[in-house]
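Note sheet for the following structure.
Just so it is clear, A, B, C, D and E label the chains in written order, and each chain counts residues from 1 on its own.
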Amino acid sequence: MTTATEPYVLNIGPQHPSTHGVFRLRVVMDGERIQDMDMVVGYLHRSMEKLAEERTYTQNIPFTDRADYLAAMSGNLGYCLAVEMLSGVEVPERASYLRVIFAELQRIASHSMANGTFVNDAGAWQTPLMYMFRERERILDLFEMTGGARLTTNYMRIGGVAFDPPPEFFPAIESLVSDLPDRIDEYAELLIDNEILLARSRGVGTITAEDAINGSLSGPMLRGSGVPWDLRKAEPYCVYDRMDFDIPVGRNGDAYDRFLVRLEEVRQSTKIIQQALDALPAGPHKTDTPLALRPEPGEAYGRVEGPRGELGFYVVSDGGSAPFRFHIRAPSLINLSLLREMAIGASLPDAIVALGSVDIVVGEIDR
Amino acid sequence: MNSTLRQGRRRPAAKVPLGLMIVGAVFALGFLAVNAAIGYVVIDGRLDGQWYDIRDLGIAVEELKVQLDAINDDQPSFLDDIVGQHWMSYAVGALLGAIGILSFIGGALLALIWIERRLIGRMQIRRGPNRVGPYGLLQPVADAVKLIQKEVLMPDGADRILFLLPPAIIFVPMMAAWGPVPWAPQMAYLDINVGVLYLIAVSSLTTLAVFLAGWASNNHYALLGSMRTVAMMISYEIPLSIALLSVVLITGSMQLSEIVQWQADHNLWLAALLPIAMLTYFFSSTAELNRTPNDIAEAESEIVAGFHTEYSGMKFGLFYAVELGNALLVATLVATFFLGGWSLFGLEEWIPGYLILFAKLSAAYFVLVWLRGTLPRFRLDQLMRFAWQYLIPLSLFNLIIVAVEASLLARWDAPGLVSLGLFTIVNWGAAYILFRDWARRIGYQPDAGGPRRAELTQQVGGIEAAHRMGTAT
Amino acid sequence: MPAGPRQLTGDTVASALSAALPGAVATATAEWVEVEPARILDALRWLHDDAEMDAKQLSNLCAVDRHDRFEVVYHLQSMDRNHQIVVKAVVGEHDDPALPSCYPVYKGALLQEREVYDLMGIRFEGHPDLRRMFLWEGYPGFPLRKDFLQIPDHHPGLPKFPFEEPGVQAR
Amino acid sequence: MESLGIIVAFYLLSAIAVGGAIGVFLASDLIRALAFLVLSFIATAGLFLTLSGDFIAIAQILIYAGAIPVLIVFAVMLAPLAGRNNGNGLYLVPGLALGAAVAVTVAFVAVDVEWNELSGALLAERDFATTAGAIGDALVGRYVLAFEIASVLLLAALIGAIVLVREDEAT
Amino acid sequence: MTVDLAHYLTVSGLLFGVGISIALAKRNAIAVLMGIELMLNAVNLSFLSFSRFSGAFAIKDNPLDGHVFVVFVLTVAAAEAAVALALSVLIYRRRETVDLDRINLLRW
């Protein structure tokens, strides 16, 4: 015997503090409990995949900035790798190292943002977010120093990177890298043992390892569920095979574990950057490729381990100067495959925390 | 014009019809009249002259009243017959007290917005408001001007009368609760003998205003927020009242000035004597206030703004002001009940009592801001469980201990240093044992849930690797 | 030539697949294996369950419009074996293409198939929740198709969000 | 009771109290009726103040204006499908008639009887600086049995209410 | 011009009358409860006024008896409200209505 209640529909978003953009959840609620959920996306849809069919390969690089605007470098890198695979362009060694450095910097920036907003979603009134922004700010300064842009960097090129870093870049990144471990310890101290954060995120949005694999999850979502899968180790691109780093893995597959994994990945990224800086060879930063590249007909699927997971670019060429088909495998979108199962039966605050732990970027969901 | 089109268009700003204005005016006048009537009875003092006296608002006011009485005696007026002998001094005293409280709250609200935002800014390694005026001091004024200028929207389908009422009526308890606060010896606006009960009663009125605001908005977020508020407020009123009850037991009075006087006489702050009551009161107050970590009623990341989601402009401003005013009130009450109020171990002879109280309330307020700048938010069910399973039993235990102590204190004439010192030690011991053991008893395990570090590995693989590492769930 | 570093050659997969499911493989190249569209679900299930193939994750699903037919491309990967398998299914029908959904095998196909349906118009039969995703219900045509811009009455003036009625200007 | 202030306060508060009660009758919606009810209760608390009942007035605000409306709110919200209509039932006319009869009778008796009024003389003579202490003394002195019974009643009501609305796990 | 016992009793009677009307006429169980609360309130008012004007009566030793009774009435009112609302919620669960005209069987 339960109380007959009236389920009602709640629209979370498209304008809502915790949807991180124009993302909408249509939730059927019974009191505070979620009975059913439907996600409505597309408010930011720019049809990049169609637009890319009209532009040359080089002209498409900026699209990859604007898909996942919090991890533009990773997007650049994935796309460039795919096109290089398609056209057989060789990349100079220095460029590979620079790519690793910038991709890892981008990962730190993105994970800082993700962890900050996650704790914010759990109710901390912006303080962790602001602290995490401190590091992100310095990283974006480095981007600006090198490529001239902070958010949409457009830095990687087919066959290398656009610019060699200026001389003042290296002292700045050295000081950042030496500061970072202390900062991470500070966050760990501040947040890991916080009882309220534990109470809010332990056991929330749990995904088993089987489900995570079957649901096509990737990145920290997958590793949080206990699967030690990281493309940087499994399918090393650039010079990751020369780097020494660990894969952080969670044990319970809940929101808290994803948070832990992201926190630990920042530490590992710092290690990678340090190694890459130490081993950075001299030489050209770019090979000369024709501006209107015309790869042989064929197809390539280049993928990198982006901050949010497997960031894949499926590029099909018909021999023309524009891709015949350009598809972005968007981890933000695919990580949402199991959101409905996580949310049903949970209460509203739990669902918000679960959503926050997925770490979506709406620009990438909609593309 | 077809109906589909009309759906898509937003209705223009609510134009308040004449009938509504009349009803509103009647309500407002009604409330004013109730207040005035109560106030009259209060200042009348006719109920035996000393019930609800305006106690002295400091010596200056006292002096003024004596002189006014002299004038009154010299020149009898027709008013003497109908409103009592010393009406002039009562009226002036009441006026001064009311103006004093109003201007304190008004000034404090403006200052607090700035202080809170600057403080939180510092805690979040940023600067806070620094553009309007020197050091951004005029930011609250600018905010207020902006809020006043904003269009007031009313949602479609809102209950218009009940939508407009709550911002006004929620102000009444906030202001009224300031009455019994003693600012110095002999300086309280409404030093009634049932002060503690009065505070609880008045603050319980807020609940209904909040509920009406959420219900009348015709918005799910608002309704969720208001139901959460109501559930939480009535839950936390219980430990709050029990905590105050132990204060009343030990001091033997419900009058706030007496409670402070007791602490001054014994040179002992109740925070030292009653740690459980203090912590219970403080935590419950944050729940009543909707402040972190208990701000689930207006949890921004979940239900946008809770019960005042749909309020814009100055109506929102009123809610905001009430929230801040209540936070200040709680800080004041903590200072009064547990931190010795205007007393400071004899220093009150030299420093005006209200300055001491202000310093203490600022300290308590700082703790509130600190909490807000630091902690995440609990979930509704966690908070309710915390109230019912943890705080209420604890405060009941505490009440029993305090009752025994109070009756001992009444019978045993050991010197205060011995008896109260003993009780302090006993209470701290009890607090330590209770806080720890009760938490364990209701199933709290600090290390539950596995390690708090991510596992580091060099392996790569899928489900098999996960099983091999033992991390698969 | 442009195959991923860990990609199994299509021929290897094709021989294993046709041994297990005779007649399922249509063609195979060095890069991918093409499966008969009607048997795609069986093939994927076999690849998922088989210990050697072990394709436990559907890492990417997308479709390519080849003007007269659609290619649906499945990038599968095995994490334990650390290899990648590319499977294709060709849908010959261009006006109303349909294919069995692989949701029963891979839950991760939920949103990816919806996206393909939304932008390419391939109906995945058996998908539990096949609706438009980025575009609204009733949006004419499927924009990623190569002939999208040639459909009459599309360009310009893609009409209207659902609550707008034709001919009425929203204020 | 001849001071002008008391007289004005009495008439004003009585008007609000009775008006609020009538509002409860006339309101079309339960929540509005509740708002009127609270208004009436607060005015009654004011009336208590004019009757020197300081403790009672504040207890009235605490219980009638603070606690019981919240209970009612919960009851209304827990019965969402029952509607919040404050409509009249079958007994409208008899109810009104009986109410009017009672009111008229009481008023008539009250006005007609010579009460031999000694306004407050006893209270003044006893010089209660405060009623709270005296009420407390009476409760644990002369009325201690009733007090205990009341506490048992409250406990019984508490348990009864919990038992009534408890949701059985099994069914 | 004075205000005396008769005035208070009249107000009390009016409140009681309105309370009775509500309790009898309303269909919704919760509204009926509101009527009952109003009646109790009216009774409290008369208790207090008798207490205040208690010089009119013989029992002179305990002028605060009225106040004590009001305390008991408040107690009973709280208990009664809790139980009655619990009952209405229970009835609602069984019958999905709190309409008293439709709760006419002595069973549910």
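Throughout what follows, a residue touches a chain if its C-beta (ideal position, glycine included) is under 8 Å from a C-beta of that chain, and two chains touch if they have at least 3 such contacts.
Computed from a predicted structure; not experimentally measured.
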| item | value |
| --- | --- |
| Shortest chain-hopping distance from chain B out to chain E | 2 |
| Two chains sharing the most C-beta contacts | D-E |
| Far-end chain from chain E, centres as C-alpha averages | C |
| Chain closest to the middle [Cα centroid of all protein chains] | B |
| Computed distance of Cα centres, chain C from chain A, in Å | 24 |
| Chain centre separation (chain B, chain D; CA means) in Å | 27 |
| Distance between the centres, which are taken as Cα means, of chain D and chain A, whole angstrom | 62 |
| CA centroid of chain A to CA centroid of chain E, Å | 64 |
| Chain B, residues touching no fewer than two other chains | 460-463, 465 |
| Of all residues in chain D, the ones touching two or more other chains | 6, 50, 52, 55, 59, 67, 74, 78-79, 81, 128 |
| Chain A, residues touching no fewer than two other chains | 1-4, 213, 227, 229, 234 |
| Partner chain E, residues of chain D touching it in the complex | 1-2, 6-7, 10, 14, 17-18, 21-22, 24-25, 30, 33-34, 37, 40-41, 44, 47-48, 50-53, 55-56, 59-60, 63-64, 67-68, 71-72, 74-76, 78-79, 81-83, 85-92, 94-96, 98-107, 109-111, 113, 115-123, 126, 128, 131, 134-135, 138-139, 142-143, 146, 150, 153-154, 156-158, 160-162, 164-165 |
| Complex contact set, residues of chain A against chain C | 41-42, 45, 47, 49-50, 85-86, 88, 211, 213-218, 227, 229, 234-235, 296, 298-303, 310, 312, 314, 316, 324-325, 327, 329, 333-334, 336-338, 366 |
| Of all residues in chain D, those that touch chain B in their complex | 3-6, 8-9, 12-13, 16, 29, 31-32, 35, 38-39, 42-43, 46, 49-50, 52, 54-55, 58-59, 61-62, 65-67, 69-70, 73-74, 77, 124, 127-130, 132-133 |
| List of chain B residues in touch with chain D within their complex | 30, 33-34, 37-38, 40-41, 44, 46-48, 50-52, 82-84, 159, 161-162, 165, 192-194, 197-198, 200-202, 204-205, 207-208, 211-212, 215-216, 227, 230, 234, 254 |
| Residues of chain C defined as touching chain A within the complex | 1-6, 31, 56-60, 62, 64-65, 73, 75, 79, 82, 84, 86, 106-112, 115, 119, 133-136, 143-144, 148 |
